[in-house]
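Chain lettering (A, B and C) follows the sequence in which the chains are written, and residue indices restart at 1 in each chain.
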Amino acid sequence: MSIFITAFIVGGLISVVGQLLFDVAKLTPAHTLCILVVTGSILDGIGWYEPLIDFAGAGATIPITSFGNSLTHGAMAEAEKHGFVGVLTGMFEVTSSGISAAILFGFIAAVIFKAKGKN
Amino acid sequence: MDDKKYATLEQEISPKPPLFQNIIRAFLTGGMICLVGQFIAVFYMTFFDFTERTASNPTVATMIFIAMLLTGFGQYRKIAQFGGAGAAVPITGFGNAVVSASIEHKSEGYVLGVGGNMFKLAGSVILFGVASAFAVALIKTILVKFGVVSW
Amino acid sequence: MVKKGIMTFQTTPSIASTGVTAGPLERKSPFNEQFDKVYEDERSDLTTNEQGHAKMIEDASMIALSKIDATPSDADYLLIGDLVNQMTPSNFCASSLQIPYLGMFAACATSVSSLLMGALLTESNLSTCALAGAGSQHNAIERQFRYPVEYGSQKPKTAQWTATAAGIAVVTPFKAGVPKITKGTVGRVIDLGTTDPLNMGAAMAPAAMDTLQRHLKGHRTKESDYDLIMTGDLGETGFTIFKELATRQELDISSNARDAGEEFYGKDPKFLAGASGAGCSSAVYFSYVYNEMMKGTYNKVLLIATGSLLSPLSYQQGETIPCIAHAVELTMK
């Protein structure tokens, strides 16, 4: 049960970091998201992201930081087995369900929806 | 009036973003989206053959599906105006970026429009995700080779 | 003698009629009653936003012509513009109307720059009926300058909502009983180094002030001579800065200055700082202001349309936002 609470809090806190990058650092959404992705990747490199997932569940897997984490995780897993070549092959082997889902649903949305400028 | 003087005047008069309110809203929105994600993950673990680790894949896909519906019906824009980074940071924000660009460029056709533009906003996230994953994994491999750290 | 963009029209070209069209969301505008045609569909039932945009300008032109019992074949010049790449909506509108066409671009200041051009052609006896105006369509312009319409980005209070509207004025030689174009001032590009495209009002306010000062000085008039001084689309933030700049220049415009963009959506906070877009000033000037002049509420009016001359490319390359404001003086007498 407590995983629901930690998911809410951790997910909320990562969003707050994003909001601070918007409002205080005056970054565009694109810059903010890139920084978060890179952060997720580095956190996995030093081995902190997986414990965060254990602690917060979706609170750590739903924010965009987890995208950097899962890519890095895949690359490192291959590197562990095959050394330097593994970094590359790992990169190519890693597929994110986020990207495939976004491509598929983006296409479906284009088929069925029209943009509306209603306020 | 020179540029610096005007910058001072402009910043004095232009309303500042309500930082405290924005932070609270981002926290609530981002937290709520992750909470929904957690429920979906538990659903996949309970009713399908997923573990805590593997459940994140179908969860992310489901969240993006929800983002597609909210974007298509014009609701995600409103959630984002309220929640700011709380709507942008979760994977649903990534989905919204792809889906909104796809819908927008439908008028130029499925190949040149949708295909050519769906990643115009989200593409930079993929680039920096892949590039940083490569760099981090490479550095870690080197460090392991020299015995500085272990896997 | 050097004129420095200060124009005085001896033959007093007149605005014989106007036509204004607007999108469905613009029903929320307090000026709604004054618009000639309000569409049920933002694309006026056509396939793309850009087609809807062109139709809106075309309909406004036809309405303006019909009010003086004229057809496109009676018109000498079509002087219009918009904000889409290479102004294709205006181009398609011109293609359909078949009126000799000069595309006008001054971003959101096109309402006045085209009016000045119409007055010049009329003054020099080259035109008896010139259509001048501009338009903007929310979806088409947002995708051009910002993000896809459905993309979720939190906009600050300084941001403005691009209006879906078009306004056209028919400029003819002197005609009794309608507003006359007596003076004009062509703006200079003013760039005080602002870079935030979500605070266009602040970028444009100094340009509006520069043009106001040059107009008053060049024509030796006082700010109190005008029943109304109306800026185009500074919005709430930009207009507040504009008033502050006026105070610092010791100009008292507290009783007669208004901004079309700030008032366009009735100061509804959902629309943040108010409206922007080439259609915003055109629609308000050629409906509300024109009608009030006809009614006699205002006799002498100074319209200062403001435009920010940036592109998505210049913004992404880190350039500042160059801005312009053109002024035109109308009198009823």
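Please note the rule applied: a contact is a pair of C-beta atoms (placed from the backbone, for glycine too) under 8 Å apart; a residue touches a chain by one contact, two chains touch by 3 or more.
None of the values given here were measured: they were computed from a predicted structure.
J.: Any idea which two chains share the most contacting C-beta pairs?
T.: Top of the contact-pair ranking: A-B.
J.: What is the chain whose Cα centre is as far as it gets from that of subunit A?
T.: C
J.: Give, as an integer number of Å, the spacing between the C-alpha centres of subunit C and subunit A.
T.: Subunit A and subunit C have C-alpha centres separated by 45 Å.
J.: So what's the Cα centroid distance for subunit A and subunit B, whole Å?
T.: 7
J.: Can you compute the centre-to-centre distance for subunit B and subunit C, using the mean CA position of each chain? Integer Å is fine.
T.: Chain centres of subunit B and subunit C, defined by C-alpha means, are spaced 38 Å apart.
J.: So which bits of subunit C are touching at least two other chains?
T.: Subunit C, residues with two or more chain partners: 49, 143, 148-150, 153-154.
J.: Touching two or more other chains, which residues of subunit A qualify?
T.: 22, 29, 115-116, 118
J.: Can you list the residues of subunit B that touch 2 or more other chains?
T.: 17, 22, 71-72, 74, 83-85, 88, 93, 99-101, 103-105, 121
J.: Help me check something: in the complex, which residues belonging to subunit B touch subunit C?
T.: Per the stated touch rule, the residues are 1-3, 6-7, 9-10, 13-15, 17, 22, 71-72, 74, 76-77, 79-81, 83-85, 87-88, 93, 96-97, 99-101, 103-105, 107, 121.
J.: Touching subunit A in the complex: which residues of subunit B?
T.: Counting only subunit B, the residues touching subunit A are 17, 19, 22-23, 26-35, 37-41, 52, 56-61, 63-65, 67-68, 71-74, 83-86, 88-95, 98-106, 110, 113-114, 118, 121-122, 124-130, 132-141, 144-145, 151.
J.: Subunit B touches which residues of subunit A in the complex?
T.: Contact set of subunit A toward subunit B: 3-4, 7-24, 29-30, 32-34, 36-38, 40-42, 44-45, 53, 56-59, 61-68, 70-72, 74-76, 79-80, 83-84, 86-88, 90-91, 94, 96-103, 105-110, 112-116, 118.
J.: Going by the contact rule at the top, pick out the subunit C residues touching subunit B in the complex.
T.: 47-50, 143, 147-158, 192-194, 199, 202, 206, 237, 240-241, 244-245
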